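Here come two complexes built around chain A, the first alongside chain B, the second alongside chain C.
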Partner chain A sequence: MKRAHRWLQALLFSLLVVLAGSLLPGTYYVTLLNLIGIHIIIVLGLNLLMGYAGQISLGHAAFFGLGAYASGILTATYKVEPVLALAAGLLLSAGVAILVGIPALKLKGYYLAMATLGFGIIVAIALQQLDWLTGGPSGFMGIPPFSLFGWQFQSPTAGFFLVWAMVGFLLFLSLNIVDSRLGRALRAIHDSETAALAMGVDAQRLKLLIFVVSALYASLAGSLLAHTTNFIAPSSFGFMFSIKLVTMVVVGGMASIWGSFLGAAVLTVLPELLAVFHDLEVVIFGLILMVVMIFLPRGLVRGLLDLWEYRQRKKQGR
Partner chain B sequence: MEKLAEFLQYIFSGLTNGAIYGLIGLGFSIIFHATAIINFAQGEFVMLGALVVIGFYAWGLSLPVALGLAVILVTVLGLVFERLAIRPARDATPISLIIITVGGGVLLKGLAMVFWGKDAYTLPPFSGQAPFVVAGATILPQSLWIMGLTLLLVVGLEGFLRGTILGKALRAASYNPVAARLVGIRVSQMVQFSFGLSAAFGAAAGALIAPITMGVYDMGTMLGLKGFCAAVIGGLGSSSGVVLGGVLLGIAEALASGLISSGYRDAVAFLILLLVLFFRPQGLIGRGPERTS
Partner chain C sequence: MALLSLQAVGISFGGLQAVKQVSFQIQPNQIKALIGPNGAGKTTLFNLITGMLTPDHGVITFLDQPIQGLQPFQIAARGISRTFQIVQLFGHMTVLENVMVGRHLRSRAGLVAAALRLPWTRREEADIRSRSLEWLQFVGLADRAAEYAANLPLGHQRLLEIARALATEPKLLLLDEPAAGLDIAETEGLKDFIFAIRERGITVLLVEHDMSLTMEVAEEIVVLDHGELLAEGTPRDIQRHPDVIAAYLGRDWEK
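The block that comes next holds the complex of A and B.
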């Protein structure tokens, strides 16, 4: 029953992507949807870490940046095949995630937040300072489009199908991880690490594993960004973007795979909509962040559902 | 001899910045103590302190008056911030609270940009430009002001927390809110008070550093994060630890930018932060409010 359900979802998802990809007018919307897809990929991974394993990371923009720069530098400067460059980015991110994760994941709560924050800022500074390699603060240009077996994903629409095919694949993967033995173990760690340990769950190893998995998601998203926009700059991978990613997870709803879609979409589109306010854009963005978090701390979907249920119950009470 | 002068120069500049990091770090530690919240808007209070004092001074107020008014104004803002943003979200998770304070910081920074624009403003030093020469190295009078006033503020804070009934109530509310409520302390008032006090320290730091770095709308973010590093390095527990953490950080930064490369100056702070968290998460000094496993 559940399996049939999942195939139906997969079919619907592919249908929507194909429809959107062939019908969308103009490159603006395609580019925006590409960006949303790329953000969804990171948020899917980060939600596994935050929502399911209950570990926070304020440094995930770093892995996004590592993937983007690995792909950008290897393909543009060293003429490496994009697929190999992407794989190299994944390896690099996994290595860094293991190095940072082993000591950092021993910390809890705020201390883990501080450690990942520090790590993220160090990577952002390195991307800026290694200008012989990364082009420094002004960015890195001339990244070729992605190619696979000689087929080039040149147009924005081709990029769209590439990004959203990856979104579909990772969505499928995430749903399976959540339903697997691993997913159950992670939820156990989230609810009580002590109880999970007592039941024989190797909490430390699993936390590290899921940290690495989420880093891989972010790194892959970075590679896709490099190949679809052809230009990357360190300012996209700083502290503020890490915070934005965490906000996407929380706004969409922690431990909600489909919520990740909503959170990423809302926070990607919002700055575009607010651009009409020019200088006030940032002010309004900050205000919305605060208001949503204060009044709907469990995310948009569940927050609104809670409100609705509350009103229903109130009506019945009368 | 020349080497010694050069070294002293790094130490002086490190002490100056370090004192500022320490002041900002105290703001973090005051709030963290009372509420276990990390207030990511702290750096924006520093920026506001600098820009408001510059604004009042430009109006023609004398420097001490401008300084006092700026600190008071930002303190009020801290109280309002707590009332509007933190109190309604009292039961929120740490992650939500991080996002709320970051959102508040973004909001304040955005408002400052709308109000003051993107220009940098200057403030004359508190007493003259002529530097003192010590063993071949120079030190600005403003640096002495910064170190002296920081010392005064730390001693004052410690005295307040340990010697006055209000300070004791604040500490009681942070150690055990339930017990504090039982003996008649209004915990929610203490929380609000901690935000005001912390904003005051931030504003003072901003006003003190303004003559050296100038005031810009986006100066707060990095200063805030550095102050935060100082607080963690020293251990969020003790005031003297936080200031010592700030001074260590300032000197390490000055040495790194002088001897290695100035581009990595900002990375030093976070590298030390990571090392401290990994090897001594309770901070170099003090027990820290929360042990990690």
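The block that comes next holds the complex of A and C.
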């Protein structure tokens, strides 16, 4: 029963992706949907860390940047195969995540936020200052499209299918992780680390593990960004973007996989829709966030479900 | 052979000697109680045994292996489980899920296996679920399995903590004031329940303020006062012990 349900979800997801990919007119929508997919990938990982394990990170844009620059530099400057460059980016991000995570995850709450914030700023500055390698503040150009076994993902539509195939795959992985022994242990750590330890959960190791996993998600997203846009600049990987990622997790809903999906999509599209307001764009954006957080504090998905259940009950006259 | 043995265990916080030179043993399949006035160091001793604190000196052995200085999760893996004086449930998880966390030590799906949902992990999950339900039935909470743990009344929360601890299949179960906040009927039920746990071959050490419960349930009692071991013996011995009476009721009463 439950398995059939999963297959149905997978089928529906694939169908939607194929439909969108083949029907959408013009590159604008494809580019926007690619960006949404890339953001969803990062937010899925970050939600495992924040929503499930309860560990905040204000530096996840850094892993996004490491993946993007590893792919960009290795493929454009050193002519490495994109797949190998992507793998190198993942290795680099995992290594950095372990080095940063071991000391940082001993901290809690605000202190962990500060530590990851500092890490994010260091990476952002490094990307700007290492001009000889990264092209400095003006960005890095000429990244070739992704290719696999000689097949090039040249057109925007091909890039679209690549990104959304990855979204689907990572969605599948995340849903499985959350609904497993490890997912329960993560939520247990979130609620009471003391009790989790007493139940035999190696909390420190598990927090580090999920920190590395979330870094891998972000790094993969970075590589996809590099290959689909062909141009990257350090401003995309700074402090502001880390904050935006956290906002996507919270607006979508902590500890909700589908919330990550919705949060990333809404906060990526919203600035585009608000562009008509010109100077007021940022103000209205902030206002919408405030209203959402005040009225749906548990995030969009949970909040809308609650609203729906409430209306159902009202209809039944209860 | 003693199951758990403490030899001259001590710890101090700043200038305060919370536990000093405490030695006692727990035999397999025994029900032992730890009593003492407030601030006597009972919970501190629990925390020392379970690795939440590391003793400044002394040796704690479990199954003849020294365990002091090990991490709490390592000690849990050796077979010591506990409940908490201030209930520490996973409030945002369901009653069943709380017990399922207790199966963490008895299952092994790693990140890759879990992420790919390999066939054997599905069987493992089913096993975790059914065994956890059994423990919920044992404590009588099976009908509340789908509720959030935070929504249970305190009495049920204490039972759930016990079910969660039992799910780890411990050899030694530490109960930290299991009767606190329970009404008379619930306390009565707890009594049978502690005997039922022992029936399953699990050794029990409990800290309890409810004297009638302690005296009826425990085979041996250890009395702590100001961090020191004041007396040890059967409930009858303890009730007559002049130092214990003095510690609880004051010296004046003696005269």
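Going forward, the second predicted complex is superposed on the first by the 303 of 318 C-alpha atoms of A that agree within 3 Å, B and C clash if a C-alpha of one lies under 4 Å from a C-alpha of the other, contacts with A are read in each partner's own complex, and residues count from 1 in each chain.
By definition in this document, contacts are C-beta pairs under 8 Å (C-beta built on N, C-alpha and C of every residue); 3 or more make two chains touch, one makes a residue touch a chain.
This structure is a prediction, so every number in the text was calculated from the model and none was measured.
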Touching partner for A:213 - first (chain B), second (chain C), both, neither: second
Chain touching more of chain A, residue-wise (chain B, chain C): B
First, second, both or neither for A:173, with chain B first and chain C second: second
Partner chain in contact with A:196 - chain B first, chain C second, else both or neither: second
Partner chain(s) touched by A:316 [first = chain B, second = chain C, both, neither]: neither
Partner chain in contact with A:182 - chain B first, chain C second, else both or neither: second
Touched partner set for A:250, first chain B, second chain C, both or neither: first
Complex interface listing, chain B residues touching chain A: 36, 38, 85, 88-89, 92-96, 98-100, 102-111, 113-114, 221, 225, 228-229, 232, 261, 263-264, 266-267, 270-271, 273-274, 277-278, 281, 290, 292-293
Touching residues on chain C, where the partner in the complex is chain A: 50, 52, 71-73, 76-77, 81-82, 84, 88-93, 97, 100-105, 107, 109-111, 114-117, 121, 124-125, 128, 164-165, 168
Sites on chain A touched by chain C in the complex: 173, 176-177, 180-185, 187-188, 190-192, 194-203, 209, 213, 255
Complex interface listing, chain A residues touching chain B: 50, 56, 58, 103-104, 106-111, 113-115, 117-119, 121-122, 125-126, 128-129, 239, 243, 246-247, 250, 254, 279-290, 293-295, 297
